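Heads up, the next two complexes both have chain A, just with different partners, chain B and then chain C.
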Partner chain A sequence: MNTIPVIINDKKLDVDPGKTILEVCRENDIEMLTMCHLKGVMDIGACRLCLVEVEGANKLMSACTTRVNANMIVRTATDKIKRYQRITTELFFAERNHVCSVCVANGKCELQQLGYKVELDHIRYPHLFPQCEVDTSHPWYVMDHNRCIMCTRCVRVCTEVEGAHNWDVMNRGHQVRIISDFNTPWGESITCTSCGKCLHACPTGAIWPKAIVQGQLEKKPEMLSELMEKRKMKL
Partner chain B sequence: MKSGTAVHTKELSKTDPRVKLIAAKMKKENYKPDALIEILHTAQNAYGYLPKEVLAYITKALHLPPSRVYSTVTFYHFFSLKSKGEHTCLVCTGTACYVKGAQAILNEIEKKLGLKAGQVSADDKLGVQVARCIGACGLAPAVVLDDEVQAKVSPDEIIKKINIKIGTV
Partner chain C sequence: MNRHDLKTIIYAEKTKEENNKYRHKICVCCGASCISSGSEEVMKKLQEEIKTRGLENEVEVVPTGCMGPCNQGPLMKFLPEYNIYQKIDCSNISAIVQSQLTEKKPIEDLLLFADSREKPFLDAQEDPFFKKQMKIALRNCGHINPERIEDYLVHNGYQALDKVLFEMSPEEVIAEIKQSRLRGRGGAGYPTGFKWETVYKYVSDQKYVICNGDEGDPGAFMDRSVLEGNPHRVLEGMAIAGYAVGASKGYAYIRGEYPLAIKRFELAIKQARKMGLLGNNILGTSFSFDIEVRIGAGAFVCGEETALIASIEGKRGTPRPRPPFPAESGLWGKPTLINNVESFAAISPIINNGGEWYSEIGTPKSAGTKVFALAGKIKYSGLIEVPMGTTLREIVFDIGGGMQNDADFKAAQTGGPSGGCIPAEHLDVKMDYESLVSLGSIMGSGGLIIMDKSSDMVDVARYFMEFCMDESCGKCVPCRVGTRMMHDLLQKICDNKGTQIDLNRLEELAVYVKETSLCGLGGSAPNPLLSTLRHFRQEYENRIVKHD
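Up next, the complex of A and B:
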C-alpha cells in the first residue's frame, strides 16, 4: 500500500491512508488522551479529549474521527489543547457524583487516571450533584449512573459486538442517561444477554459486577478490541 | 430471571381505530426502521401522547431495539410519553370530526370544566387533548375518553360522561 506523509508535532511520518489521526498517534507512541474511543467499535467523537490542532482547519478536530490526509500538519500537545483537556476532565467530575474513595473502580478507573494525567488538583466548576439512580436489578451486575460519563462505550459494545442493543441514551442536555430497553430496570431487560461486555467496556465504576469489593474491580476493555480483531481475521 | 414485563405491557385493543391507523402507516412505510419518526408522529397525533404499549407495538413491528425507540422519543421535544391528568379526554379535530362539531365539544368543555385543549385540571383529574384524525371518521365527531372511543357524541353527552369519570356527579 502507498503511504502518505503527515507531520505530527513537527515530526514527519509515513502512514497508511485511511487511518485516523488517533490510530497514527498511538502507533507512533504519541500520547493521546481518550475516553469515548474503544478500539474495535465505532468512533463517535463524543468526549472531546482527543482534540488536536490541524493546520488550515479553523477549529480543533477530534483525532478519533478525523482521517489523515497527505501533508497534514497536526499538533497534539499545545497549551490550548492541554487547557481544553483539563476543562473537559473537570466537567466530567462536576457533572455527576464521583467519590473515588468508595468506588469499586478506585485505582483501576480510566477517569481517575485521566485526572492524574491532566494534573487535576481541584475543580473550578460548580458540582451539579444530580440525583442519579443505582440500578441493582440485574442478578450479576450493577449500573450506577452517578459514575457514568456518557461515553457510550457500553452502548456501542452491546450493539456492535454483542448485537443485543440493550443500552441506548435517553433525553438530552443534563438529563441524558444511559437506559436499557424502555428505561426498564436492567434486570427486566428483554434484550440483554448478560454477556458482561458492557462491564469491561465501561471506563469508570458505573458498571460493575456484584461479586466484587471496593477497589478490586478489574476491567479488560482490550479484550473487546482483541475479540473484534479476531472476528475480522475470520472474514 | 427476565420477566420482560416492562417492554411487553398490556396488549393493544384490536378494535381501537387508532391502532389500525398506526398499523396502516407502518404498512405504508414497509415497516422500514427509517420511518420510525414518521410512524411515531402518526401515533402521537392519534393518541395525544405515546403510551408505553403503543411504543412496544411499534418497536416489535419494526424489529427495533426498545432502547433505540425510547432514545428517539426522548430526544425530540414534540414527542411526549405522558398523558396529562388521571383521566384523559381526547377530542378528535380531524376534518370529519371538525365538520361534525368538534369545536362545539371543545367549547362546551371549556365552558363547563374551564379547560382548554392541552390543559389539565388543577386537581390533576382530567387532561384535555386534541388529536388529528384518530381513524374513526365514520363515527364523527369522535372523542376518546380514557381508552374508550365515544362515537357521534354531543357536547352534553360528553360532559356527562366526563363527570361520571371524574366523579363529580
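Up next, the complex of A and C:
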C-alpha cells in the first residue's frame, strides 16, 4: 500500500493514509492520553485529552477523529496541550464524586492513571459534589453514577458490539446521566442482555460486578477491541 | 403547473391589483409580537367596523407579518397614505376609521411614536426609524399577507426561481451568489457562494438542503419574523439552493417555540406544492425539489449544524467533530447545504437584481444588509434591517430613538451567548463581521441588546454563562464542566465573595474552554465573559475581596 509522509513531534513518519492521528501515534509509541477512545468502537472526540496542534489548522484537533493527510505537521506534547490536559483531568475529578481509596477500581482505574500521568497533585477547582444515584437493581452488576465520567464507552459498546443499546444518555450539560432503556432501573431493562461488556468498557469504577471486593476487579477493554477486530476479519 | 400557467396567475393577480377596486389597504401586523399584544382582536374588530360602515368594497384589510417597531404593537398601517397607528386599542378603531377614511386625515395623537416624538411623522416612511433602514430580506414583511401565495407572486415572488430554472445553469447561479459576496447570516459569516460551490462539487446520488431556523439566542427574533412575515421568500431561496447544488430534498428545521412560524411555513409549502413550485418537475422542468419541516425540541445546541443534522436524523442532538464538514458528509452521510433563514431570504433578490447590485451594498468585506433584533433599554425596540457598516450609534440613536429615559448608553450586547459587549467608547463601530470581531464580539445571528448604566456587566456575563451551562449538550468535558465552573466562579464574584485567585482561574478557564471545546457552542461560550473582562475589567476588580 502507498504510504504518506507526516511529521509528528518533528519526527518524519511514513504512514498508511486513512488512519487517524491517534492510531498513527499509538503505532509509533508516541504517548497519547485518551479517555473516551476505545479501539473498535466509534470515536466521538468528547474527552478532549487527545487534542493535538496541527500546523495550518485554526483550532486544536482531536487526534482520534482527525485523519492524517500527506505532509501534515502534528505536535502532541506542547506546553499548551500539557496544560490543557491537566485542566481537563482536574475537571474530571471535580465534576463528580471520585474517592479512590474507597473505590472498587482503585489501582485499575484509567482516570486514576490519567491523574498520575498529568502529575496531578491537587485540584484547583471546587468539587461540585453532585448527588448521584447508585443503581444496584441489576442482579449481578452495579452502576454508580458518582464515578461516571460520561465517556459513553458503555453506550457505544452496548450499541456497536453487543447490539443491545441498553445504555443511552439523558439530560444536558452538567446534568447528563447514563440511562438504562428509557431511564428505568437497570434490573428492569428489557434490552440488557447482561453480557457484561460495559463493565470492561468502563474506564472507572462506575460499572462493576457485585460479586467482588476492592482489588479483585479485572477490566479487559482490549478484549472488546479484539472482538471487533475478529468480526472485521470475518466480514 | 408549467411556466405559462404561473405567468397567467401572476398576470391575473397583477391586473386585479392594478384595477384595484379598493381605495385603501389597511395592514394589521399579525406577527407573534403584535398578536401577543392583541392584534388578532384588532383585526376582527376592524373587519366588523368596515362592514358596519359598508366599506367592504372600498377597503381591503390584510393581516401581515412584522412591521418593525415591535414594542409599539399592535400596529395598523393605512395605505397608500402610509399612516401607521401604534398600540391600537379596540376602542379606538372606530375613531381611527372615521377620521382616516371619512375625514381623510389621520389622528396624530395615535400615530406611531406620537407619545415619544415631539411631532409624529404622518408618512411613517419619513420617520428615522424607517428612513435609515434598508429592507431586502424583510422587503415584503409587513406589506403582504404571509398566508396567501398570490400576494407573494404579485411582489415578484418566485420570479427568481423561474429565472434560474429557465435561464441559468447551476454554475451561473453559484457564480451570481459568489459575486454578491453574501455571507452566512447565522453568525459565522462563511461566504455563502463558496459553501454552495463546495456542496455542488461533491458527486452523490442524493444531496440535501437544510434551512436552519433553530434561532435560540436570548433576545433574537429575526428568523422568526422572516418565517412569519414572508415564508415563501425562504422557501424560494431553498428551492434555488436545491437547484444550484443538485439537491432534491430540503428540510426546514424550525424551533418548536415558534408555532406561528411553523404553521405559516407549512402552509407555504402546501400552497407552493399545489402551484407546482415544489415537488416533481417544478414549472414543467426536470428539476424536482420538496421541503419538509422538522420541529426543534428546544435545545440551543441544535442550532449547531452537526447537532441539527443529528436531530433531523432522529438522534440525540449533539455535535460531532468536523471535518468531515456537512458539505461533504452531512444528513445521512450525504453532501448537505445548511444555511440560515436570513441567508435564504436574501437569495431571490440577489438573483432578481444581480450579484453585483447586492455586493455594492454594505462594506467591502461584508456585503448586503443585516437584520437585527433590537432590544433592551432603548426607546424603540423591534426588528430592523440596515446595510452592513451602519454604525452602532446610528442604530441606537437614530433608528432606536435613543435610550429609555435618556439614560447613558453603557454597552450593546451582540451575538447572544456567543457574542460580547461593545462599550460606549466604541459606539461608532461599523456593524460588520470584522469590526465586531476586532472588539471581541461577533455579529452572530443579529440579537442586539442595548444596556444602560443600571446593567451590571459581571451579572450580564454570569447570565450568559448560566445560559451556556444549561444549554451545553454535555458531550465534551470543557463545555460540560468548564461552563459550570465558570458560572460558579462568576456567581461567587457577583456575590462579592470572589478573590483575585478566582478571577485568574476564571480567565484561564475561559481561554481553555474556548480553545478545547468540541463545537461552536463551547468555543464561543466564554465570549461574553472575555469581552466584559476586556472592556469592563474595573467592575470585576471592584467586586473582588481585597486582602490587605
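Everything below uses one rule, namely that the second predicted complex is superposed on the first by the 235 of 235 C-alpha atoms of A that agree within 3 Å, B and C clash if a C-alpha of one lies under 4 Å from a C-alpha of the other, contacts with A are read in each partner's own complex, and residues count from 1 in each chain.
Assume a residue touches a chain if its C-beta (ideal position, glycine included) is under 8 Å from a C-beta of that chain, and two chains touch if they have at least 3 such contacts.
No experiment lies behind these values; they were computed from the predicted model shown.
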Touching partner for A:73 - first (chain B), second (chain C), both, neither: neither
Partner chain(s) touched by A:172 [first = chain B, second = chain C, both, neither]: both
Chain B versus chain C as contact partner of A:4, first or second or both or neither: neither
First, second, both or neither for A:182, with chain B first and chain C second: first
Touched partner set for A:227, first chain B, second chain C, both or neither: neither
Touched partner set for A:190, first chain B, second chain C, both or neither: first
Touching partner for A:125 - first (chain B), second (chain C), both, neither: second
First (chain B), second (chain C), both or neither touched by A:65: second
Which superposed partner A:44 touches (first chain B, second chain C, both, neither): second
Per-residue touch tally on chain A - higher for chain B or for chain C: C
Where chain A meets both chain C and chain B, residue numbers: 168-169, 171-172
List of chain A residues in touch with chain C within their complex: 44-48, 51, 59-62, 65-66, 84, 87-88, 91-92, 94-95, 124-126, 128, 150, 152, 168-169, 171-176
For the chain C and chain A complex, residues of the former touching the latter: 299, 301, 316, 320-321, 323, 469-478, 480-485, 488, 505, 508-509, 512, 515-518, 523
Sites on chain B touched by chain A in the complex: 1-8, 52, 55-56, 65-71, 74-75
Chain A residues within the chain B interface of the complex: 139, 159, 164-172, 179-185, 187-192
